[in-house]
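Alright, structures below, take your time with them.
Both of the next two complexes hold subunit A, though its partner changes from subunit B to subunit C.
Then we have the complex of A and B:
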């Protein structure tokens, strides 16, 4: 393939991945999924009933993998058996996935809220009605973008894995990235804003999530509004970087040209990883110098006494 | 006729790959739900989830490489590098979120000084938490974990595809079948170490890391069965 066309495809994939990452994270903030949801579930048991959607269909990687695999299978059938244009097939596939995801989201939030009735947790039907379409919309964007990435890898870059399998694996990856990066912003900051910034979450405050908004009770919209400022975009950057850098090294140093080029691509990848390790170290040192105050460093004898 | 003995070498490579995956999971610094609340050191997600995310990204790179070259070291290197890139990108963005979004300083609660940078850790741990963020030692440990996972996953895929090449022409169906088995074997071996890790591990400096031989032996046994089933299925279904 022409190197310029390869770079263009790569750029498109990077853009689609960035959008997918951001929407994946915001979807898990509106509906409250993954690890931070443990606090949403714990809150009523600690006598803090709330008005936050509580879906947590499963861990984010399996639920996204399910969505993307359903979408890709639908699209593959439509393209293969009904000769539908890829654009329509991918949209319809993503639509099917969003509907399935909406069903899961609704049943899980109703089940969870209903099972906590003994802790006086209400089932807010109006909240479920208003939030579910937003969850489905985010799920649609995520699935559609992942399908675009997988389709381009499969058809344009000539990746040997079939479309549903590629979508499945990218679904696992996008879920792992979303739950590792953007969700921390929701779980460690947005849910516990009433405690001092930068203090982490003291174990004794577990379950004491913020339940009141600027006006009225806090809901999933308020959480996604906040996380859209930082958690969502950085998740997008993370997934975009993974897709882009992972393919960039083999596009620039094409192993099909010669084995040496293939080895150069591996070396380029290792250099990127080293740069990231050094960057992490720089951030660590800078944060320690600028933040604080920390515990006093007591001499050992004094501490023992 | 299913001839397992003829495929002994490939089954052996599958088992080695499975054992490497199991070992790799011990290196990945995951804090589970507590880390997502800045209550424990590591990445705020589950063990299996992150290890699988990284290893399977490596599988995509290795699958692409195997399409264009037939050079085992290069295929393994490509899987290793793909997984390393995914996990380091996730960790660096995780650090952004912890430092700029949550305001926590990376610190480990399991060791007093970072074995790599020799910086004090205990001073920076917030009250009531088990550390937070990703100190340098955890980051490096995560990169090693990603590398081993990507290497193991690619080895499993390579060996199973070689089994398939022995019975039928390589086409999309064959690759799909082989890749699904590789993903399945990856998950089996990513789950087994979770019982050692119990939700949180900071990396190779964590006392829990020393328990790895138990998981590796269990994975060795489990992968032998997986390898037998995978080889029989691929030989029988070969090209479907």
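Then we have the complex of A and C:
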């Protein structure tokens, strides 16, 4: 393949991955999946019933792997059996995946609320009706973008794995990145905005999540609005970088050309990992120095100032 | 406080042995029917998978009631992890007895993992060994059932060509695994009821059947695929309505809209 075309494909994959990452995180935030879910689940037991969607579809990696594998299966069938153009096939595949994901989301939020009847947590049908389409829409975007990445890898870059398997692996990856990168912004910050910033989660505050919004009762939309400012985009950048840098090394140093190139691509990958480790360390040290929790209180100096 | 219940054994209306019977017998019979009958009847593989998934969901329910809150998804994944090894091994050497060989292999793998979990890792769950055997068996039958839907047979070569090398095995793995783990995970809480959990297993199994039916159109042709999808959608619709009925029965209140319960109500 021409190196220039390879780079173009890579750029397109990076863009799709960035969008997928952002929508993946917001999808999990609308429904309070994975990390923030434990507090949403705990709240009614601590006498804090709420109107927040309880989308307990396992962790994000399996649930995204599910969406992407279903979408890829649909797309592979439509392309193989019906000779549909890839663009339509990927769209319809993603649509099927979003519908299946919608049933998973609905059954979990209804089931979890029904299993907490002794704590008097009602099932709010309007909340389910309004939030499920949003969850499905985000799931559609995520699945479609992951399918684009997998399709490009399979057809253009010539990856030997079949489409459903690639989509499955990328689904697990995007779920893992969304769970580790974006969720903190919702689970640790947005759910506990009523407590002092940076105070951590005291055990006595467990389950005491924010249930009232600026106007009315807080719901999943408010949470995704908040997370769209930082948590979603940062997940998008993380996943975009993973896809881009992961494929960049083998596009620049193509192992198909010679075995030396193959080794060079591995070396380039290791160098990138080292640069990121050092960069992360610098950021962490800088953050601790500026905002760190270990500073001693100095009331006299503060009073003097 | 354990999010996964009160830390004791689960309360059941249907005894475990009945469900083991439904899962194992229903699963094996369905797989053999789908294998020997013409392609139009390959939907029996999906019914086998539903039986196996319901059994797996009940086994997860029993073992996870010992306070296994966030471990529920993991146990569903391990079920299919054990199942995929056992299924491919059994089908490759078993010939026409393939599903039975797979099933026995799964039981052995499950027993080893159960003993490891209790004796080496020290989880100390009384029914761990037995539950692992059951979960591995259910996972194996779910995989073979859904593979038979796609391939129309459980012959190793055909399964390898139409299920493994096309990548549909990834879809089967995750749909079977989620089918086994989701019912209890979605109903986690102190007021969980067995019938509500198991009907959700039927619903998720039916969804797996629909998607496997879609995938089967490449190999089996449109007619059998259409039959499988139609049967799957019918079961899904009935099970979903039944599930919603159970939610209305069990929930504190099912309201169209409303404010939070007041302080007095919560007392």
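Quick notes
Everything below uses one rule, namely that the second predicted complex is superposed on the first by the 292 of 305 C-alpha atoms of A that agree within 3 Å, B and C clash if a C-alpha of one lies under 4 Å from a C-alpha of the other, contacts with A are read in each partner's own complex, and residues count from 1 in each chain.
Everything below uses one rule, namely that a contact is a pair of C-beta atoms (placed from the backbone, for glycine too) under 8 Å apart; a residue touches a chain by one contact, two chains touch by 3 or more.
Keep in mind that what you see is a predicted model, and the values were worked out from it rather than measured.
Once the two complexes are laid over each other on the shared chain, residue contacts for A:38 go to subunit B and to subunit C alike.
Partner contacting the larger number of subunit A residues, of subunit B and subunit C: B.
Shared-chain residue A:59: touches subunit B and subunit C both.
Of the two partner chains, subunit C is the only one that A:123 touches; subunit B does not reach it.
Once chain A of one complex is fitted onto chain A of the other, the partner contacts of A:197 are limited to subunit B, with no touch recorded for subunit C.
Residue contacts after overlaying the shared chain place A:251 against neither subunit B nor subunit C.
In the superposition on chain A, contact of A:175 is made with subunit B only, not with subunit C. Residue contacts after overlaying the shared chain place A:162 against subunit B and subunit C alike. Comparing which residues of subunit A touch subunit B with which touch subunit C, the overlap comprises 38, 59, 161-162, 165-166, 168-169. Residues of subunit C that touch subunit A in their complex: 1, 3, 69-70, 72-73, 76-77, 165-171, 173-175, 177-178, 181-182, 185-193, 196, 200, 203-204, 207, 211, 214-215, 217-218, 222, 240, 243-244, 246-247, 250-261, 265-266.
Considering their complex, residues 34-36, 38-39, 59-61, 153, 157-162, 165-166, 168-170, 172-173, 175-177, 179-185, 187-189, 191-192, 197-206, 230-231, 234-235, 237-238, 241-242, 245-246, 249-250, 255-256, 259, 262-263, 265-266, 269-270, 272-273, 276-277, 279-281, 283-284, 287-288, 291, 294-295, 297 of subunit A touch subunit B. Interface of subunit A with subunit C (complex): residues 38, 41-42, 45, 47, 49-51, 56-59, 62-63, 65-66, 69-70, 72-74, 76-77, 80-81, 96, 100, 103-104, 107-108, 110-127, 161-169, 211, 217. For subunit B in complex with subunit A, the residues that touch the partner chain are 32-33, 35-39, 43-46, 49-50, 52-54, 56-57, 59-61, 63-69, 71, 74, 77-78, 80-82, 84-86, 88-106, 117, 119-120, 122-129, 132-136, 139-140, 143, 172, 175-176, 179-180, 183.
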